[in-house]
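What follows is subunit A paired twice: with subunit B in the first complex and subunit C in the second.
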Partner chain A sequence: MIRESTIMKIHYATALGSVALVVIHILFRFTQNFHDSLKFENVLINYSLLPYSILLELILILISIHGFNGLRIILLELNQGKNYETLVTYSCLASMIALITYGSRTILMASMGMI
Partner chain B sequence: MNKHQNNRAGIRAWLNPWRYGIERFAYWLMRITGIGLLIYFIIHIYETSSILEGKEIWNKMLDLTQTTEGHIILILVIGMATFHTINGIRIMLGHGGIGIGNASRPDYPYIPKSQNMKNKLCIYASVGLAALAMLYGAEVMFGE
Partner chain C sequence: MAAIKIPANNRNIANEIVDRPKNKILFRVAKFNPRVDTHTKYVDYDIEYDHWNTVLDALLTIKHNLDPSLALRYSCRQAACGSCGMIINGKPALACFTKINELGSDLVKIEPMSNFPILRDLAVDFTQMFDAHKKLKPYIIRSDSEISSSDETKEFIQDPSSVEKYIQFANCIKCGLCNSACPTMATDSLFFGPQALTQAYRYLTDSRDQGKNTRLKIIDDRHGIWRCHFAGSCSKVCPKGVDPAMGIQFLRGYLLGFRD
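And now, the complex of A and B:
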């Protein structure tokens, strides 16, 4: 098991990383009119750019880790106990992996033009 | 359930933001915004996956979000993200020992040094900046 102090460092590192990358992600919406930037063709062009796809993948991983660890912390504040803590930890871990897998599938297929 | 567990105030107490001052309110809002942002993130991942289904499905999904209600939800998300980020940085600095004062002998009326004016101002600034970010978001989404 990882120490809670190490988990908190990961929590803070993923938070700072996410903020920096999400700012770039949002700025991409302002490269043109907000509504136009969401048009099908424009979004596909975004996905076809390799650096942008890597950025999206990193955002997906960082926010998933930060978000589900945050949820784990909230749930552990509400209740404690060996079985409960194990259940919460593994459920959050499984949800995190599932979300990363699902999101990665979209990024990978869209960036490779498999539409 | 044992006696100790029965004694817990539980989720009702957790949901009450009005005890112990502004720090308690920030604690509560940090968790509420965190949960809200996680829900939005999961929906966003699902929503964007519709691009794999082709242009028609993407446009249908976009139509669902490009409504007044959709814009209001997005404005709330902007506010939640801004507060969560700024208050999160305050907490990180506090955990690193920055801005919480030096350790000293506890004297009556036992006000924790960590709950000082710097931290209170930071919380008010987080709420204020979140409100400004929401106004800007509203201008971008409704102003075009």
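And now, the complex of A and C:
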């Protein structure tokens, strides 16, 4: 079992990493008119850029880890019990992996021009 | 009872104080017996008080003259024993340390401390708090002792700067007000609570102690130090100025590697 302090260090690090990467992500909106930057075609063009796809993948991973661990913490504070806590921990872990897998699939497909 | 002899020239002033009309106030006290009641009921008592009276004085007046069934815990009457913690007008406070005059209200609502099981009326069960306190080993851990097998004894000397590091946190009287104010304690029944965590910090920073790793391992738990959200309400209600929120953040520094 991972120690809680290790989990929380990951939690804080993913928060800081997410903020830094999301700032870059938002700054990309200003490379053109904000409204145009959110048009479907323009969003797809972003994915064709490899560094930007990597940035989006990293944001997806960091926010998923941070978000689902945050959800785990909230649920552990709401209720206690060995079975409940095990269920919450593994459910959050499974949901995190599922979301990262699905999001990565989308990023990969978009960057390969399959959408 | 000791008699105080008032000097003749002061007698008028003394009479003025004694004869001064007393203030009246309404006390609304929570009554709940878990063996009988399904919900808390509030009983109103009209009380006369002098400007020096505390909430504990008023509650004892109620108990002695109006309602002998009122259950409350108290002892020293000078904020030293930590027995008379309760919610006074919505805020956790010691009844003996709260003057009625200073509340600035015509109604004083008295309830038992939150986040504790109620034994009866205003008396709550401290078992969980003391269990958490004991779990964090609130004593000096050392491999050696002041008392050796021979007749000689030795001292573990501390300089004033070493004492400074923990003395504020050693003022805890275990009244439970911090635990009562803690929002995490309200939902997480397994959380150690600000009282126990602060005492862990108190012993951790003691230069005589060698139990740092033992205590850090205990608090590094799913329901340990990481569940503190730094709301700071524990420090706000502490009657001894212990500042548990600060102690917990310092303690967290050890686990994050900011402190040695």
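Throughout what follows, the second predicted complex is superposed on the first by the 115 of 115 C-alpha atoms of A that agree within 3 Å, B and C clash if a C-alpha of one lies under 4 Å from a C-alpha of the other, contacts with A are read in each partner's own complex, and residues count from 1 in each chain.
Following the convention adopted for this analysis, a contact is a pair of C-beta atoms (placed from the backbone, for glycine too) under 8 Å apart; a residue touches a chain by one contact, two chains touch by 3 or more.
Bear in mind the structure is a predicted one, so any value in this text is a computation, not a measurement.
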item	value
Subunit A as common anchor, with subunit B and subunit C clashing or fitting	clash
Touched partner set for A:L78, first subunit B, second subunit C, both or neither	both
Winner by number of subunit A residues touched, once subunit B and subunit C are compared	B
First (subunit B), second (subunit C), both or neither touched by A:R3	second
Touching partner for A:G103 - first (subunit B), second (subunit C), both, neither	first
Against subunit C, colliding segment of subunit B, chosen among 99-107, 117-125 or 135-143	99-107
Residues of subunit A at both interfaces, subunit B in one complex, subunit C in the other	8, 12, 77-78
In the complex, subunit A residues that touch subunit C	3-5, 8-9, 12, 73, 76-78, 80, 85
Complex contact set, residues of subunit A against subunit B	8, 12, 15-16, 19, 22, 33-35, 38, 40, 43-44, 47, 60, 63-64, 67-68, 70-71, 74, 77-79, 99, 102-103, 105-106, 109-110, 114-115
Subunit B residues within the subunit A interface of the complex	8, 10-11, 14, 31, 34-35, 37-38, 41-42, 45-46, 48-49, 51-52, 54-55, 58-59, 62, 66, 81, 85, 88, 92, 95, 140-141, 144
Residues of subunit C that touch subunit A when the two form their complex	184, 187-191, 220-224, 226-227, 255-256
